[in-house]
Amino acid sequence: MVKWPNKWMELPIGGVINVPATSVDVKTGTWRSHRPVVNLDKCIKCLMCWVSCPDNSIIRLDDDYVDVDYYHCKGCGICANVCPTDAIDMVEEGGI
Amino acid sequence: MANFIRRLNEIPREELFASGHGLCAGCGIPPMVKIALKAVDGPKTVVNATGCLEVATTLYPNTAWRVPWVHNAFENAAATASGIEAALRALKRKRGWKDYKIIVFGGDGGTFDIGLQSLSGALERGHKFIYVCYDNEAYMNTGIQRSGATPIGAATTTSPAGRVIPGKPENKKNLLDIVLAHRVPYAATLNSAYPIDMWNKFAKASEYLDKGIGPIFFHYYSPCPVGWRMDSALSIEVARLAVQTRIWPLYEVEEGKIKINVMVRRPKPIEEYLKLQGRFRHLLKPENRHILEKIKEYVELNWNRLIRLSQLDSIY
Amino acid sequence: MSITVRQIRTGLNGDEAVAYAVKHANVDVISAYPITPQTIIVERLSEFVYNGELDAEFIPVESEHSALSAALGASLAGARVFTATASQGLALMYEILYITSSLRAPVVMALGNRAFSAPINIHCSHDDAYAARDAGWIQFFAETVQEAYDLTLIAYRVSEDRDVLLPSIINLDGFILTHSVEPLNIFADSEEVSRFLPERKPVNPIDPDNPITYGPLALPDYYMEIKRQQAEAIYSSKPIINRVFEEYKEFSGRRYSPLKTLYIDDAETIFVLLGSTAGTIRHMVRKWRRENKRVGVVSLTLYRPFPEEELIEAIKDAKNIVVMDRSFSYGSPGGQLFMDVSSTLLKYGLSPRILNVIYGLGGRDFTPDLAEKALHLVVETDEKIVWLGVRG
Amino acid sequence: MIEIRWHGRGGQGVVTSSILLSQAAIYEGKYAIHIPEFGPERRGAPVRSYTRIDDEEIEIRYGVLNPDIVVVIDPTLITYKELILEGVDEETRFIFNIHDSNVPGDYRGRHVFMVDAYRIALDTLGRPIYNTAMLGALIGATNIVKLDSAIEVMRNRFSGEVLERNIQALKRGYSEVISLG
């Protein structure tokens, strides 16, 4: 977690953000109404979900199976839609 | 060496475009950006025109970028990149600075319309960079106003599906034709449903830059679930349909030689594409039949022209 | 003190003088679009680059908007950058003026001061300089061709100073300085000038090993802090500007200060103005002194940051102040310099009689009889704003 | 201080003459200023230019109002006497380019010098460009700068055969100028 200065004189000059990828701390997972759930039994490791996810929320494991990063996943459902084997279900949030 | 791929698992895992950005759920832009940053090898810098990608990925103090990223204004991304590229040339020569590649991202508003002059100037001067227009076919960042990229018949907030005028009356501008008038060495269309094709085009662009050849121009089909009024899950599906209906031909032009990358022999009905998107739904009503016919004519005209041109040794 | 740098006395016009300064600054990137009366600057620079006399990239952009956009990009990349424009060109750059200073990019620009349209007019007004006054750029005004040369070199030292990092404008009156040939001393070569102006050492240039996000979106929660910091930056540049003036004197033998004064100590009436007309007023002040009229003159070499302490020190005892504006701020209480001077006087609790003279718009010649008229009006009428020499 | 006003037509080198004169004076260590009077001038339109020369630094920057010397580069402009006589007094010297005609009576009693710069220009440059011949005539009539100083500064502006021909024109103007009293 990047501690960003609070006082005007302490901010990096020119309004730049001088630390890369500070956005990873932002929990975009709260946007979600449905969550993708992967059924690894059906996964054929094609990686279409991984390459298509706008939020890098499909985690590509060492063996090319996939998992979901629920901290960032916005629940768009692209992964489920592009999966050729229907290995990903979109499940309503709340119950879990 | 260019790193062309045949399978998605050849794409490295490390992302240079981070999570936590504020682009809409289902946005079509990131799948292209992720690939661009990985397939263009070596050190690189991004220049970004004002637009969705810019505002949503750099909400101070949060940035989604792991590469240097420069935003100047709306209409001047190509000029800004020109300056960076010229500076780099001078600094390499005079002070031995290290090289890096420059990738420019601009939306259709920032490219087709307000930024066209600065793009034309930069293309004419032959700066060595890759310019990618992510085309979501309207001014999405300001709330879905029509642009020069909006297709005929599409409803936007400034070309509504009115009782008298049902959606945008004018055809989409052919941006790639304008770019090709500058005789760029390499240009192509991109589509997120065809990630391997997209990767290999960026890899080829990277190879051109390695040889000191540029500029490179890409026109990327960028679905916008909010602006197109469709389910966010459909981003990739609708992109694939755009290719399969011949609405968005996937092709590349190297030194004037056109190559169609996905030959669509039996196109799907255009209605299948239109019915998924709220912006086109009014066109399926009987009273708007004439516009639907116009769209079909236009798509066929473009496709046939492309086929004819692809038979030439060079269009230059 | 001994000046060791070799100098050549020559005769050049103001545009050529700026071009030589840019060459002697050994810039890396020039990005410009032609516009009268700035054009000679970029023509000369093109010759220097095309003949191999200056190792720089010349970007012949397609508009002024792109000229400054490219200059900003090049500056962020770490290069020493130059651009030049005038009038409508500055207006077309307007959006990027603010972005350049906000991103703290030390771009140096020469502005051949010219009137804004309409009617279209290629001659001198200070409309363009004033249009940039709120944009966060340091602004210098040259009175002579020599000053145009010197201030260009000084501007690089100031702008690129790691405690400043702000862009600078060098104003030179269109045609009156840009196209007039005058004697001046220029340095013999860039190598020697590098003792005063070494290679730029950029702070946080674009570097893939240290990825920085330049120009992000900042909303109400941070925008104001960023702007507060920028406001401080331009105020804080003043001591550094004074230091660079001092170092330039040591280097060249030529002395600069935020303002030039003549006969102010016992003056009842003081003229305050910008640019090349100062010489004519100084000439008149000498004449008036011979006639036992207690008149003095203050001309500002530094316009932004506004040298308010120095100005107050110079004019605090005067009964009458004549503020001369070569432009007008339509619908405002007066001309732009008039507003600067008036608010400074009020800030320091002073209230002399103050007359705003609008003169020389669109290149109208400012002649001795007009100066006489201004002096007459400030003491013998209670007019507040006069358009000097206007028919009717 | 000596103040000079040049009259000519766009394209005849009015500005060049004034620049060369100011540079020649600067070359001699004097102070000088060349002030162009610019419009969007097109070839053929009457144009003016000013030169001031002094031993002290010149601060004033308005146009020359009361010229000590008036040089009329274009022969046809002499007849526009309201233009040529503006702001002059009885001391003002006039340098005219006269070819195939007489000096109009309006200038009777004034200090007039004349030279056939048209002939000189055709002989040396092969084209009716009078500026260097008239600069030579001005120097011949007034010795305002040395002829060599003018040649020296011309070397920075012209080169090769163009330089040689212009030096010839300058020298002929210098030696062929005559006083009409």
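Just so it is clear, A, B, C and D label the chains in written order, and each chain counts residues from 1 on its own.
Quick note on the criterion: a residue touches a chain if its C-beta (ideal position, glycine included) is under 8 Å from a C-beta of that chain, and two chains touch if they have at least 3 such contacts.
All values reported here derive from a predicted model rather than from experimental measurement.
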Checklist entry - Quick one: which chains contact subunit A and subunit B both? => result C
Checklist entry - With chain centres set to the mean of the C-alpha atoms, which chain is at the far end from subunit C? => result A
Checklist entry - In whole angstrom, how far does the Cα centroid of subunit C sit from the Cα centroid of subunit D? => result 34
Checklist outcome for this item: In whole angstrom, the CA-centroid distance of subunit A from subunit C equals 52
Item to check | Distance from the mean Cα position of subunit D to that of subunit A, given in whole angstrom | outcome: 79
Checklist entry - How many angstrom lie between the CA centroids of subunit B and subunit C, rounded to a whole number? => result 43
Item to check | Touching two or more other chains - residue numbers and ranges from subunit C | outcome: 211-216, 218, 222, 226
Item to check | Per-residue overlap in subunit D, given as positions that touch at least 2 other chains | outcome: none
Checklist outcome for this item: Among subunit A residues, those touching two or more other chains are 15, 17, 20
Checklist entry - Should the pattern of chain-chain touching be classed as line, ring, star, complete or other? => result other
Item to check | Partner subunit B, residues of subunit A touching it in the complex | outcome: 2, 4, 15, 17, 19-28, 31-32, 45-48, 50-57, 60, 64, 69, 71-72, 74-78, 80-82, 90
Item to check | Footprint of subunit C on subunit B - complex, ascending | outcome: 43-45, 47, 54-55, 58-61, 63, 65-73, 75-76, 78-84, 86-91, 93-95, 97-98, 100, 117-118, 120-122, 124-125
Checklist outcome for this item: subunit A partner, complex, touching residues on subunit B are 8-9, 11, 13, 15, 17-31, 34-35, 57-67, 192, 195, 225, 231-237
Item to check | Touching residues (chain side subunit D, partner subunit C) in the complex | outcome: 18-19, 22-23, 26-27, 29, 31-36, 38, 40, 58-63, 65, 153
Checklist entry - Taking the complex as given, what residues does subunit C use to touch subunit D? => result 9-11, 13, 37, 122-123, 175-176, 179-183, 276-277, 279-280, 282-283, 365-368
